[in-house]
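What follows is a group of structures, each given as structure tokens.
One chain, chain A, links the two complexes that follow: it is found with chain B in the first and with chain C in the second.
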Partner chain A sequence: MNKVMSNKLMITLYIFPALFLIAVLIIVPLILTGYYGLMDWNGIGSMTFIGMENYINAIQDGAFWDSAWHSLLLALFSTLSLVIYLAVSMILASKIKGADLLRKIYLIPMLLSSVAIAQLWIKVYNPANGILNTILRGIGIENPPSWLANPDVVLYAIFIPILWQYAGFYILIYYAALKNIPESLIESAKIDGANPLQIAYKIKLPLIMGVVKVTIVLAIVGSLKYFDLIYVMTGGGPSGSSEVMASYMYDLAFSTNNFGYGSAIGFLLLIITLVVTVIIRRLTASKEDIQY
Partner chain B sequence: MGRIGYILLYACLALVAAFQIFPLLWLVLFSLKDNAQIFSGSPFALPNDPQWGNYLNVWQGGIGLYFFNSVWITGLAIVLTVLFASMATFAITRMNWKLNKFVLGLFMVGLMIPIHSALIPLFSMFLSVNLIDNPLSIVLTYTTYNLPITIMILLGFYYTLPREIEEAAVMDGSSINRLFFTIILPMTTPVMATTVIINMIYNWNEFVFVNTFISSDEYKTLTVGIQNFIGQYMTDWGSIGATLVISIIPVLLAFLFFSNKVVEGISSSAVKG
Partner chain C sequence: MKKMKAFTFLAAGCATAMVMTGCNSESSGSGDGGGDGEQKTIEFMHLWPEGSSKDHYDIVNDIIADYEEQNPDTKVELEVLSNEQYKEKLQVTSTSGELPDVGMTWPGGFLEPYVDGEMFAPLDDVLDEDGLRDSYVAGTTEAYEMGGSTYGLPLELNVAQVFYNSAIFDEYNLEEPETYEELEEIVSTLQENDVAPIALGNQDRWTGSLWYMYMADRLGEDNLLNQAINGEASFTEEPLVNAAEKTQNLAASGAFTQGFNGLSDQEAKSMFMSEQAAMYLIATWDLPNYTTDESVSQDFRDAVDYFDFPTVEGKGNQNSYVGGPGVGLFVSEESDVKEESKDFVKYFSEEWGEKSVSDAGVIPATKVNTDNVELPDMYLEVLDDLNNADNLTLFADVQMSPDVAETHLTAIQSLFGEEITPEEFAEMHDEAIEEDE
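Up next is the complex of A and B:
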């Protein structure tokens, strides 16, 4: 038995395809990003080594920090919206008939491509004929904003489809966690005279805190990676007011052929994401469940 | 809790459901209208004289080709991902070697990183081997970037398989290949189904790789195809609506028939944190 299952050749054969692909197409590119960041390079011609210049430029680049700030704002909105999802899940998990069907309905937007979602919401926000402004005019608002063209509201306007897309995902996770709480705990709290709000806050919430922490990490790290939806909806505009880190990097490389500088931004995006992940995990982990 | 309390709670849940469904309902409605009906009538009015021609026009106007590309690229990448992930998970969980935990850790790096950080080097690597504007680059990236999540979903199931099965098979003189392909793999069918569905949704909806690596119309998939397409039809809402509906029908059908698998897959993909 042990001899057969320790056959080096077979082990190599079975692990090789996955290991090779992940090493060549994920690990190597991540390292190369940092290396290309040291180059002056337009993507086609030869590279010139320029040391830390791109990284120094990035740190002094106001547009980059603006994009990082927008990513951070989206992360903040996403985290705050978890409270809404949690509240909905609490209601859903409190012996509601049809809960299973409802949580599946909530999940539908999550299955659609960000491109389709972005195109649909471009139509929703259309100043003249979009459903939103049609409704707003219907209830007597004379001059509803042109949502995606207004630098002051565009980021909020983009966040609504994000909320729409991910609601079902988080509700699904919270619902599953809440359903895992033993009924006996809730019953004995009721006998002790606890009201539904107390049960939710003092008993259910602490019991699913582990899952809540995971969702906080997901919401924040996910926000730092946002790209498709914003790229399609606004392209980062108007005039950079909805640019996020990934879209800024993408435009540098593939619109202006600034591959060296784009790589440096890409590497910073990687470092920021990893650092934020570790920090959030540290902050949210209790002593017993720190694991990397 | 009183009757009124329950009604209020239901009202909350129904409101959320309405918010999730209304934009899609509106989409389906305007996909069947012409601009005159869209711009003058009530947005929630049923289309009088439904414009099924919108669907036919966009399908023949190029969406049919993008749809076909999405189908074969999605399908091929699913097969490769699930096969390679199953083999790797088998080697990691069932075979005896020292570096298995290290290799698993390496795989899991793929769950944490922003793919955009790898995009520029991927582009230059594919350029140097002439795979830019070649659908093979898409199949390879889809296969690779879904491996970590697929392995993670498979992992839990493989750990629960009883050792006795392998012991019996090996006693009988079965080779590793026979053990894996005729005994283990068939036993993992339920969890493989979950990974197939999750891979299908990811691949079908993927945008940035195709947008970056493919420039010819003949190789574009739906997500990138509809981007260009919608550019040409800027003002024809009915055609845009029909295009979007066509692009989301396959995942909605998959959800309709396999909703429990989808729920299972999405829940387990959350654990990745």
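Up next is the complex of A and C:
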């Protein structure tokens, strides 16, 4: 075995298929997107080279920064909600009755396609006969808001299904990590007189810190490039108040046939996501993983 | 064991998800390929799959079968895709120079990049042959015109009309309005009786645009709206600002369904069709819902009627319509069988008119003699309206270039939501049009 692994040819042979696919499907299109960003191109006719104009326009484009702000807000809320997911998983992992069933119930939204979730929540939010406003009227609120029509609330109204959609995913990850903690550690802590809060905070959390860091990166990167639910539920409207970076890029490229500018936005989205990821990795980096 | 359970659970979920997402796969078989050296093959791509538009699909096949019978040397090979996939494929094949010989295009802004890239062939010679041009309803072929040449033969035509539920109107002794002021009366009567007056799903934005377009068409009288869109006049001219203001006031008065900016057109339609709203401004592509569609209750279909958009402040002409041709046929500039393709599209357009209206309920872009066809009354009325139309103002988002259209649509949503003033609305348009030129 060692012989095989030290053979350069063998290493190349084993690595090549995956590397080739990644290069062709991801790296090359990435470079091409950056390149199209330098062009004035409607996606159909011929391209004209215009240098950095698209990128400069994008940086001065208020609508782009609005959408970027919305994406960052989503990232912030997704990260904060991780605390709730963590709490839920800790409860589930602590041998309560029906934990198994509950875990499966939490997982259901993850099994639905985004479009189905969007359709479901459009019905929930329907201002006239949606379930939410019906309940609100039932408890005596005269004029419940039109959730998806009011520019002040629409963004938050969409965040809720997005967070709901991914809850099961993170709960599953945390649950698996928590289950890996040796029972003996918790037993001995109990003997030493630690209360459940202390066990959670001082023992469980540090032990799964590595997993928590990964989920933070996943949540933030996922939020920054989030697209599908928003596109189906509001299309970024009304008047751009629920536009995020990815939906703005889509609108530019496909609704206004401005592929050059759309590509530039797409490339900026990549850069922003990369920068944020690096920052997060730095912030959460610690010298060594804790082990007991 | 526990693992096993979780696994089956997951698998069942995945299967459900796959069923939900995977139901749009369409097969598009295209008969037997091949043929001897003499035979010419026209590739024809259209967007009416058998599954979702069976009537259209059958008519196309009929016409092709007749054509092949009359022209034994020519074979038409079909490729059928549904709407969005069609648009995508058209775009991809255009960049790789593999456009089908004949296909379908939309007018106005959609056409522009293809014409700029010299991918579609001008069809004026076809239109001038045998007076084909005169058989079209005024304003339809013009929508496919660019730089003096026509690049598409329109097949469908849709004009927007205000549909209303006559059962609700009768209940409150209301009558079809002829002036906008009468319409305002109707709205307030309905509001007093807690009936939602007008269904509107403005999340789609073009729906609200219809209201503005009609208002501007009436108030702008002599084509001011079209001039403004072409950049020859300003949107800040008084009649057009007034139109925006009137539209905004109508929205502010609560005439439209609550939360209209967050509702899709589909939701608004279902409100109208479940008799929760009295009126609904939509184009004639919805006619089957109100006439022939058996899945809609007979009572409702009997109750629905329509009126032409009223005059506003005594201005405008009720015989002027906001509308636009839907898809039309194009011939690829690069085609190896261009002459045959032109001959085919001509034949197709001639055959399409009567067949489409009687078999599929499509209002064709060609004039139809209403004496010859058996149709529900509402169809006959619409066809008569079109035969007598004085003017056709194209849908804004069809007429404008994609950039301007996007600005227009966003501005419409903001105007309805009272986030901008009518003056700002006008300025946004002027700026976008100026920038575009």
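In this text, the second predicted complex is superposed on the first by the 262 of 292 C-alpha atoms of A that agree within 3 Å, B and C clash if a C-alpha of one lies under 4 Å from a C-alpha of the other, contacts with A are read in each partner's own complex, and residues count from 1 in each chain.
Just so we're on the same page, contacts are C-beta pairs under 8 Å (C-beta built on N, C-alpha and C of every residue); 3 or more make two chains touch, one makes a residue touch a chain.
Here the structure is a predicted model, which is why all the values come from computation and not from measurement.
Undergrad: Judging by the criteria at the top, classify the pair chain B and chain C on chain A as clash or fit.
TA: In the superposition, chain B runs into chain C.
Undergrad: Is A:W121 in contact with chain B, with chain C, with both, or with neither (first, second, both, neither)?
TA: So A:W121 only meets chain B here.
Undergrad: Now for A:Y36: first (chain B), second (chain C), both, or neither, which partner does it touch?
TA: Only chain B is touched by A:Y36; chain C is not.
Undergrad: Quick check for you: in the superposed arrangement, does A:Y250 touch first (chain B), second (chain C), both or neither?
TA: first
Undergrad: When the two structures are laid over each other on chain A, which of chain B and chain C touches more residues of chain A?
TA: Of the two chains, more chain A residues are contacted by B.
Undergrad: In the overlay, answer first, second, both or neither for which of chain B and chain C A:S239 touches.
TA: second
Undergrad: So, does A:S78 touch the first partner chain B, the second partner chain C, both, or neither?
TA: So A:S78 meets neither chain B nor chain C here.
Undergrad: Does the superposition put A:S89 against chain B (first), chain C (second), both, or neither?
TA: neither
Undergrad: Which partner does A:K104 contact after superposing on A: first (chain B), second (chain C), both, neither?
TA: Both partners, chain B and chain C.
Undergrad: Looking at A:W164, would you say it contacts chain B, chain C, both, or neither? Reply first, second, both or neither.
TA: So A:W164 only meets chain B here.
Undergrad: Tell me which partner A:L112 touches in the superposition: chain B (first), chain C (second), both or neither.
TA: A:L112: touches chain B and chain C.
Undergrad: Have a look at 37-45, 55-63, 91-99 or 127-135 and say which bit of chain C overlaps chain B after the superposition.
TA: That would be 91-99, the one stretch with clashes.
Undergrad: Both chain B and chain C contact which residues of chain A?
TA: Touching chain B and chain C on chain A: residues 43, 104, 107-108, 111-113, 115-116, 128.
Undergrad: For chain A, which residues count as touching chain C in their complex?
TA: On the chain A side, the touching residues are 42-46, 100, 104, 107-108, 111-113, 115-116, 122, 125-128, 146-151, 154, 234-235, 237-240, 251, 255-258.
Undergrad: Enumerate the contact residues on chain A facing chain B in the complex.
TA: Within the complex, chain A contacts chain B at residues 1-2, 4-8, 10-11, 14-15, 17-19, 21-23, 25-30, 32-33, 36, 43, 88, 91-92, 94, 96, 102-116, 119-121, 123-124, 128-129, 131, 134-135, 164, 167-169, 172-173, 176, 196, 214-215, 217-218, 221, 224-225, 227-228, 231-232, 246, 249-250, 253-254, 259, 262-263, 266-267, 269-270, 273-274, 277, 281.
Undergrad: Which stretch or stretches of chain B touch chain A in the complex?
TA: Touch list, chain B to chain A: 1, 9-10, 12-13, 16-17, 19-24, 26-27, 30, 38-39, 43, 83-85, 87-88, 90-92, 94-97, 103, 106-107, 109-110, 112-125, 140-141, 143-145, 147-148, 151, 166-167, 170-171, 176-177, 180, 201, 204-208, 212, 222-224, 226-227, 230, 237, 240-241, 244, 247-248, 251-252, 255, 259, 262-263, 266-267, 270-271, 273.
Undergrad: So in the complex, the part of chain C that touches chain A is made up of which residues?
TA: 2, 6, 9-10, 13-14, 16-17, 20-21, 91, 94-95, 109, 113-114, 116-117, 119, 196, 202-205, 257-264, 267, 271, 276, 402-403, 405-406, 410, 413-414, 417, 419
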